Amino acid sequence: MADSLVPVLEAQERMDTDKMWVIWGPQHPFSHGLWTLKLQIDGEFCTDADPIVGYLHRGWEKETENRDYARIIPMTDRLCYCASMTYSHLYCMTVEKALGIDIPEKAKYIRIVADEVCRIQSHLMWLAAVGTDMGNLTVFLWSMREREYFLDLNVKLCGARMTTNYPRIGGVRNDTTELFDRDILRTVDRFEKAMWDIIYLIDDSSVFVSRMRNISFLTREQCANMGLTGPAMRGCGVDFDIRRDDPYDNYDKIDFEVPVLNKDTKVGDTYDRYMIRIEEMFQSCDIIRQAVKKIQALGKNAPYRIKTPTKVPAGTTFGRLEDPRGESIMYLASDGTDKPYRLKVRSPIFTNVSCSKAMCKGVRIADVPAVLAQIDMCLGETDR
Amino acid sequence: MVEYSSLLDWIRFIDPNTNPYTPFLSDNLPYDIAYGLWEIIGGTLAWLVNLLFPNNVVSAWLIDERTAVMFALLIFMLLIFIVAFVVVLLNLWMERKVLGRLMDRRGTMIGMKGFLQCVADGLKTFMKENTIPAKVDKMTYIWCVSLIVGLSCLVACMVPLSDRWYVVNYDTGLLIIMAFYALAPFFILVSGWAQNNKYSLIGGIRAAELMISYEVPMLIIIATISLLAGSFNINDIVNLQDTVWFVIPMFLGFIVFFFCAIAECERPPFDIAEAETELVEGWQTEYAGMKWGLIMLADYLRGSVSCGMVAIMFLGGWTIPFIGGTALPEIVFLIKAWFVFFLMIIVRGAIARVRPDQILNIGWKVFMPLAVINLAIAVFLKMGGIY
Amino acid sequence: MDMSLYPHAVAMSADEFMTWSDAIINDLLSTGTKKTVDKLTGPIWAWGMKNSMHPLHWGLACCALEMAAASAPRYDAERYGMIYRSSPRQTDILLVNGWISKKIRPDLRRLYEMIPNPKWVVAMGECAISGGPWYDSYNCIQGLDQIVPVDVYIPGCPARPDAMIDGFMLLQKKIEDYFRRGNFMED
Amino acid sequence: MAEVYQSPSVDEIKQALTSNFPDVEIISTEERRVKAKCPREISHDVCQFIHDNLTFEHCSVVTAVDYVDHLMVVYLLANYYNGVMIDLNVDVPDDDLHIACVTDIWQGANWHERETWELFGIVFDNHPRLERLLTPQNYEFFPFRKSYKMRSQE
């Protein structure tokens, strides 16, 4: 009997299907940005993935070594163009820390407001990307419609739609404009209502939910070890938010909840990672309301910017901030001149992309865009 | 030979049914129109030729009954195709406008409220370079397009618009339409292979995967309907619905058939063969210019056939309950078909694309039992003597 | 009847056919038929092409977000028949909206070659026009026109959606000129 | 081995590091921040200790700074329970650019190390895949070194 099994096994071996490498990118509709994903597929299943980045590398860090401190701010806007304010905020915060100065209260609150507006707008861009990745253009267009209102707030605050060039070392460029607080509260109220339209469209549709449920599980340990940060990490049970646990710029004076899912089970799937961002948008609305109240309490004539020296004393320091996509860090080594000696940017996506191998293993091809959409690609900051 | 001098002597406007060679057994409006047109054209030509060369053979041949049937059939073909084509353009226009409105946009706005957009697209694909990638299997690459487009045109022409607007009136009309309709996925599979592109290969395989999942419930429902009607003849099926549409007793069947019809013409949410985010353009990735334009046209032709089938089988075709036939049954039929297409657009706007394995699941675990339940209901109705 | 006197009446070899058809085309070109046909058909083709511009769905950098915003409800570029296609074979316009690094340069050229004729290239934003803020980078190309011929430049950093739509309307004029110039029997 | 802290305070970190590794030098501390310096030979052991015993699960950054005469590798390590970060600096001499790889401790350090190698030329020993990541494969210089001048710097 045992002998007769041998030819059968051989036949099975011969019937093995070949694995195939499919290369997605650099021009591919799923890559929101410019990167390549090499996928090894076995039938409909992915068995391996190899992300390739660097198509947008322009030596950002090297170029900053040739600019004044003040002239780097517009460049930081172009690091992550979905949420440009967070990076200029982070940069200014890092330099202020190196200078050892404290900025006015009002500037801190304005930065918080601007940050959260950017967070909502970036998450809406992400939602739009989820819509196209899932094959539903309605979600894309509806969230783009909502995003325009927040871009209008940017215009109202500083005159530019996306690359705002607004924070300054030692404060912000200008005070809040007239009626800005009224407009922002109206926009936020309106947004909270309109958001439910999109949520009904997605969460009430079993197709949407079943496409995200039960695929690409990540455990808490995996997330921490691989360096996956941001909403994706909080969906998998890591209870950590820099705004709460390592507060900067008066976030400790604001009362808000950090949405975390699966605190007990410590395993999260794609749908959890999706839910976190939706929750975060509502939390951001809350933060905006509180911060606007604080700005109003400070009065119109409160200072919003202080003079700072142009030269930064020698030494190394770093600032840390909760980006819409995760943990971003700027590491500044200065040598006492008016130009940074070295400025390193830690972009959350850079590490998150490296996790795509673990995220894509074992899922179907059709799920790969849905899984990777939860990273929320922004290649400008990844490649730098 | 009679001496013909006046033009009106040459154009006689006889009833085509008195022509012994008429291929149609019953009234056929497009054929009547085509016959009348040919009488005008052929008569005028014959008159002109007769003026120059009296008593020649050619003018006699031109007004011969057999010649008239031949040319009338040619014009008839053109007429049927043009009507199907215009219906498809209207479908396309409706899709763009309705989808635009669903998404808070205006849709396209080029000429005549956006209707000319598809004409512009067509002209543009005409202008584009006809590229054939270097490493494709050229024969299959080109022939598959022709077959897909040709079959789709054929099927679109075969759907009758009313009992007087049809191409053939076989007793097995429904089956023939379905048979031609189900052929296209094979050619999609072959063309996906021929393109030497991994995306299109996966797309082609997915088209085959899609086919085995919805074709069976779809055929069961067609069998159910023909069981109720007692024949596969489209006329019989429609005539049976002059009081109650089949959508009321066969509601389950309607739902299942509607979604299967969406899957059959590979429209979103069942467009896994050309799933944009995964497979760029799926099995059409390497097609460019005119070929791609024709493929898009074929897609919409198949869409309009799907809608027509739903209208015939469940919504009473060209009849209105208790009134029966109207003066313009074609318009009644088209309005119903467009309503079904409108529903399809709404579904497209609301639902995300489903996964291939989900389609298999839905096809075999949901649609299949529902179709069988539907069949059971039909059997009970038949036994109860209601139909 | 001696068929050898009329070899062309039965069949032609490929070479013979080519010389014969070349002669006919040259006759047509020299007698002004081309001009007439162009004059008659040019506006139709121009109208078709300019109302059905299909740019390549390819987002590089900041301007890609504005490209997405341009097709969103507020700006709605689909009114002009602009639909983004993902496969370069089905597009007419290569829209480059970002800086071009040395790593993407060969791919960009390849994408350009893959688009069937007639095709146009639009450089959107400072980076694609001249390198923009990355003028001294070691890894960036200073301008798209160093790789492919560019038809329309849309300035801005990033260019606003309205600027982008304006740029595409300029491109429509260019398309019209292209077809007015005539392309009958150009192949 | 020493006891395991899940959520160590700054003082505890300082104490644990200096008692277990006499060569580690604590440069400065502030609220939720510890800055330490360690010699190259024990960097891997220190990282292992920080990961296992101080529960620093997350490696935020691995990068380098070029001080012309020597290079400094910087590790920024984070704790997920109380938000404390350790800034661990390791000096690497200019003529022998080798340092132990920490990818076996934190997988997240993988790409950071690849990036640091391609931009600075610091070789991480035992790295699973030390290839060019951001720049084209045919680059043969290390652009972030101070010796490489950009066009406008010349």
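Residue numbering begins at 1 within each chain, and the chains themselves are lettered A, B, C and D in the order written.
Throughout what follows, a residue touches a chain if its C-beta (ideal position, glycine included) is under 8 Å from a C-beta of that chain, and two chains touch if they have at least 3 such contacts.
The structure displayed is predicted, hence computed values, not measured ones.
Engineer: If we look at subunit A and subunit D, which chains touch each of them?
Structural biologist: C
Engineer: Just how far, in Å, is the C-alpha centre of subunit B from the one of subunit A?
Structural biologist: Chain centres of subunit A and subunit B, defined by C-alpha means, are spaced 48 Å apart.
Engineer: Quick check: how many Å separate the C-alpha centres of subunit A and subunit C?
Structural biologist: Between these chains, centre-to-centre, one finds 36 Å.
Engineer: If you average the Cα atoms of subunit B and of subunit D to get two centres, how far apart are those centres in Å?
Structural biologist: Those two chain centres are 67 Å apart.
Engineer: Please work out the Cα centroid separation of subunit B and subunit C, and write it as a whole number of Å.
Structural biologist: 34
Engineer: In subunit D, what residues contact two or more other chains?
Structural biologist: Residue numbers touching two or more other chains: 135-136, 143, 150, 152-153.
Engineer: What residues in subunit C touch two or more of the other chains?
Structural biologist: Residues 73, 86, 103, 136-139 of subunit C touch two or more partner chains.
Engineer: For subunit A, give me the residues that contact two or more of the other chains.
Structural biologist: Within subunit A, residues 28-29, 54, 57, 59, 62-63, 66, 141, 145, 383 contact more than one other chain.
Engineer: Chain pairs in touch?
Structural biologist: All touching pairs, sorted by chain label, are A-B, A-C, A-D, B-C, C-D.
Engineer: So in the complex, the part of subunit D that touches subunit C is made up of which residues?
Structural biologist: 135-136, 143, 148, 150-153
Engineer: With touch defined as at the start, can you tell me which subunit A residues reach subunit D in the complex?
Structural biologist: Where subunit A meets subunit D, its residues are 53-54, 57, 59, 61-63, 66, 221, 224-229, 238-240, 242, 245-246, 316, 318, 320, 327, 329, 331, 333, 341-342, 344, 346, 350-351, 353-355, 383-384.
Engineer: Spell out the residues on subunit B that touch subunit C in their complex, using ranges where they run on.
Structural biologist: Counting only subunit B, the residues touching subunit C are 96, 100, 103-111, 116-117, 119-124, 126-131, 276, 280-281, 284-289, 292.
Engineer: If we count contacts the way the header does, which residues on subunit C are in touch with subunit B in the complex?
Structural biologist: Those residues of subunit C that touch subunit B are 44-45, 47-49, 51-52, 73, 76, 78-81, 85-87, 89-90, 92, 116-118, 183.
Engineer: Would you tell me which residues of subunit C are touching subunit D in their complex?
Structural biologist: For this pair, the touching residues of subunit C are 102-103, 135-139.
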